[in-house]
Amino acid sequence: MHCFAEAGQPSLDRAHGLKLFHEMLRIRRFEEKTVELYSAGKIRGFLHLYIGEEAVAVGAIQALTPDDAIVATYREHGHSLVRGTPAGPLMAELYGKANGCSRGRGGSMHFFDAARRFYGGLAIVGGGLPVAVGLALADKLQGRARVTACFFGDGAVAEGEFHESLNLAALWKLPVLFLCENNLYAMGTALARHQAQTDITLKAKGDGVPGEAVDGMDVLAVEDAARRAVEIVRGEIRPYLIEFRTYRFRAHSMYDPELYRNKDEVEQWKKRDPIVTFEARLREDGLLADADRATIEAAVDAEIADAVAFAEAGPWEPVENLTRDVYTP
Amino acid sequence: MAEFVMPSLGADMEAGTLVAWLKKPGEAVKKGDIIAEVETDKGIIEIESFMTGLLEKTLVEPMTKVPVGTALAIIREEGKPSAEPKSALPVSGAPPQPAVAPVSPTPPAPVTEPGRLRVSPSAKQLAAELGVDLILVKGTGPGGGISRADVEAAAAQARGERRGARIASAAGSAADRLLRMRQAIAAAMARSKREIPHYYVSTTIDMGKALSWLTEENLKRPMKDRLLYGVLLLKAVALALREVPELNALWKGNQVVRSDAIHVGVAISLRSGGLVAPALHDTDRQSLDDLMRNFRDLVTRARAGGLRSSELSDPTITVTSLGEQGVESVYAVIYPPQVAIVGFGKVVERPWVVDKQVVPRSVLTATLSADHRVSDGHRGGLFLAAVDRLLQEPERL
Amino acid sequence: MTPKLTRDEITTTVLRALGEIAPEADLAAIKPDVSFRDQLDIDSMDFLNFVIAVHEALHVEIPEADYPRMSSLNGCVEYLSALMEKA
Amino acid sequence: MIKMKYREAVRAGLREALKSDPRVFLMGEDVGRYGGTYACSHGLLEEFGPERVRDTPLSESTFVGAGIGAALGGMRPIVEVMTVNFSLLALDQIVNNAATIRHMSGGQFSVPLIVRMATGAGRQVAAQHSHSLEGWYAHIPGIKVVPPATPADAKGMLLSALREPDPVFIFEHAMLYPMEGEIEDNAGPVDISTAAVRRPGTDVTLITFGGSLWKALEAADQLAASGIEAEVIDLRVLRPLDTPTILASVGKTHRAVVVDEAWRTGSFAAEISARIMEGAFYDLDAPVARVCSAEVPIPYPKHLEDAALPQAASIVKTVQEMLHG
């Protein structure tokens, strides 16, 4: 845990700082490896990468307890890793192997982990919000002081379900933490080209849900906001929204020619790479030395290599199991 | 040393056109560097290297379209000797080829009512057209069902043609068919003996008048219209049934069901063995010439295996005549659900008393087997007396 | 005038007619002087059809009274060739 | 004749529609700057401008509803719902407004709207992106439903739809976009009311539509090698369904196999089978068979997806079982 020297500028506990850095690097290297595996044809279908947005998942999930719930989207590799699902079953799921975290059935967009209350990769834009409201309703009805964190992108604010979910959560005072990862683009359409009101916290206010916008490229800022928000949601049992302003460094999915944005905008944002800026901060505070960097890098590389080996060795599910897990085939 | 291959750049991409190299052979390459541009259906996409090392040589010229996975260049990885180019990634086992899972689950084996034929509507239609008796056809379709091919084969076989239907397997052999018929007859006879309390009455009938009238009549007719005496017997039985209607009935759901119409079934032996008893519809209303023509048609078609199943299904009584085989009297077994059967023996010369004189006369023995639940000996006797009386006035038949 | 037929032609005509009513019969093995009814399983209806078939093939009238003379192969050939002589 | 990819035929249709009628405009998710998820509207924004090639927010119910409103208002909108999977959010607008307004208003209004969407599976994009639901839409009176299986139909049906007074729903199977096919140089509108016999045959009738047509044709070729001549019918239109063509064919072959990528239960294949039973019962020499998807959410791994979907092999196996018992 880290303590606050004075409002706003938290002094950082070394262990925690290195952990945050390590978590972000895990995600970055995992995603980079998936690009390589996709190009080689081992991973198929759609693949939506989290490169550039790592600080949001790493920072926000620190504020949650193992008992809280997470509902995420098809860009959920990072969230799963931070939540604790081992990299092996995640990579195996990308291969479609039976030892994948969803038995290989879901692939990149559909990671699930019941033990860690990770209710998936739900891949229809906005489709997760009503589900999160429901999970929170169940907790309220059963008197459980739990938080349901719902991650979604800026594209989802265009769906009716966004307003319907926020309104219901506010109306029934449900413990939902709405976490919007605003990476400025809904696939190929910039936020300003599809929303008249681009301030997402104002939209939420209109539906009765208080919130704030936070720099999604600063992992400490993300963590700080998330902890305060969880206090409100769990303590006062009512919904809260945080709009993380962040950016994805790669295409929406594999691949698109990115005609919808220009190169220098990407370069500008890359200057604020959450891993690069946080490493500089750690070094400034004397919390990270080259040796630490090297050990973390080695640990991450080993973890990723093991994950690939785990996936490569995984069995394919026998065709006879085709209709298994279907209640009424 | 590793191959740099055309990457898979999207869910529906099978090939890509290398547009330009952004690195030249001999140049250093870092992991993540953009080293080429590729055009896909969606536009130009920058391609990065996943290895750090030296770009040894390019294998594909710009503006050439190659399938995903084709080697585009060789990169000598840092600190690795330039050994044989291998794919940069270990190759995992290929997924098992899907066995052709039965996509459409076969419908559950249908339970067919015993005795009911499993025959496709189209096959039933064709059988009617070709005059094929479905009872005699062996089904080769799923679950023993009878298909068009089976009907065509049966018709072909009945006509003696050996036309191998291209798809159909040949119908079952004649032995099979005979066996099936035997089984059907056995089942009927056993049930008859089990359920029907038979009683038997018989009488001897003077055929003199009938036979001489017949000879006279045949002289007047062209050869192919000549009558056989059997026709006189059939008409006599039919007319007699008008006087004793309870013998012209069916036993269904343990009660007697009278039949207004009189359809006399005629027992016909088949060349290959076995027996059928097709009906002559409204026997009592047919003229002797009609009866002869229909009777002849029935026998010919039965022996050619070409009987319409409807003709089998509704005789209200049966006549069997084993006189041909030199038998004097026949005690036949009733065909369920009928309630009576008449048997005629051979015509024989017997001493006969006429006006207290003993003279030779042609006579035959007529026997009635009847269901005692429906009628009793007295009524049976009246019936045979009526037949005898009617045969004495052949011109009124 | 009916064209004169040789005895062989009459025999083949008779056998063909017999084959129509008894398809399964082995016509080559028919004993010429044994009655058809004893060698083959035919009844009065079959015999009627047989006589009619001969009548249509040879265009001769066969009175019912003469049927007994047609009961065997030799009988048929004798009777028919005599009949055709007269015609 | 020239060779053209299915997606290029769609783009040619869109271009011709936009050029031919000022009332026509294209609206949908990423149809403009991105050029369309399947690149069918590539370059149209540059040629026709943002007024007539309009990127929409991800608000399917609203922009389909807006399409209905614009059609009522005298325009001729072409709405692209990226895939049938996302159209579920717009079902209310489709069923309760688009299909119903003419009848409900006593014939006062017509809704000359075209809605295009990709459909079908086969790209390993897992359960939520792999649905085949055109059969649901064909259940709804008041709209026309056409699944073009060839580039010529992909372009022609779009142009024909422009002349229809009420909504036409065009389902483009996702696997067909990169497929190349023959098409007339300036191919124009085509009939959108009858089926086509793509391959004559005598022993069995394969009835299918959209993406499955090519699997049925492949199966027919394999069957021909074993002496079985299969007639392949491309329905081309699900609503209204060209029943006479189906019954004529079954009347000839006496056997029918319906190939439909949807799940068996309540599929459109079930409707076709019922119509054959009703109209050609006495011609049937075997029960109508259906080759559909296994009743399971479409799995991600290739070997499971392949096993779940109808394939040429399973069509051939079904026909052989039907003929040889």
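Lettered A, B, C and D in written order, each chain numbered from 1.
In this section, a residue touches a chain if its C-beta (ideal position, glycine included) is under 8 Å from a C-beta of that chain, and two chains touch if they have at least 3 such contacts.
Predicted model only: the values in this text are computed from it and were never measured.
**Student:** Which chains touch each other through the most C-beta pairs?
**Tutor:** A-D
**Student:** Chain with the smallest distance from its CA centroid to the overall CA centroid?
**Tutor:** Ranked by how close its C-alpha centre lies to the overall one, first comes D.
**Student:** Can you check how far apart chain A and chain B are, centre to centre, with Cα atoms defining each centre and the answer in Å?
**Tutor:** 66
**Student:** Counting only Cα atoms for the centres, state how far chain A is from chain D in Å.
**Tutor:** So the centre of chain A lies 37 Å away from the centre of chain D.
**Student:** With chain centres defined as C-alpha means, what is the inter-centre distance between chain B and chain D in Å?
**Tutor:** 40
**Student:** Touching at least two other chains at once: which residues of chain D meet that condition?
**Tutor:** Only 35, 123-125, 294, 301-304, 307-308 qualify.
**Student:** Mind pulling the residue numbers of chain C that touch at least two other chains?
**Tutor:** none
**Student:** Would you mind listing the residues of chain B that make contact with two or more other chains?
**Tutor:** Expected reply: 11, 42-43, 95-96, 98-99, 101.
**Student:** Which chains are in touch, pair by pair?
**Tutor:** Contacting pairs: A-B, A-D, B-C, B-D.
**Student:** What residues of chain C sit close enough to touch chain B in their complex?
**Tutor:** So the residues of chain C in touch with chain B come to 22-24, 41, 43-45, 48-49, 51-52, 55-56, 61-64.
**Student:** Okay, in this complex, where on chain A does chain B touch?
**Tutor:** So the residues of chain A in touch with chain B come to 32, 35-42, 44-46, 95-96, 254-257, 259, 308, 311-313, 316, 318-320, 322.
**Student:** Which of the residues in chain B come into contact with chain D in the complex?
**Tutor:** Listed in rising order, the residues of chain B that touch chain D are 11-12, 14, 41-43, 95-104, 106-107, 120-123, 125, 140-143, 145, 147-148, 166-167, 169.
**Student:** Provide the residue numbers of chain B that touch chain A in the complex, in ascending order.
**Tutor:** Residues 5, 7-11, 32, 40, 42-45, 48, 50, 68-69, 87-90, 92-93, 95-96, 98-99, 101 of chain B touch chain A in their complex.
**Student:** Per the contact definition, I'd like the list of chain B residues that touch chain C in the complex.
**Tutor:** Residue list for chain B touching chain C: 160, 215, 218-219, 223-224, 226, 228, 230, 269, 271-272, 295-296, 299-300, 324.
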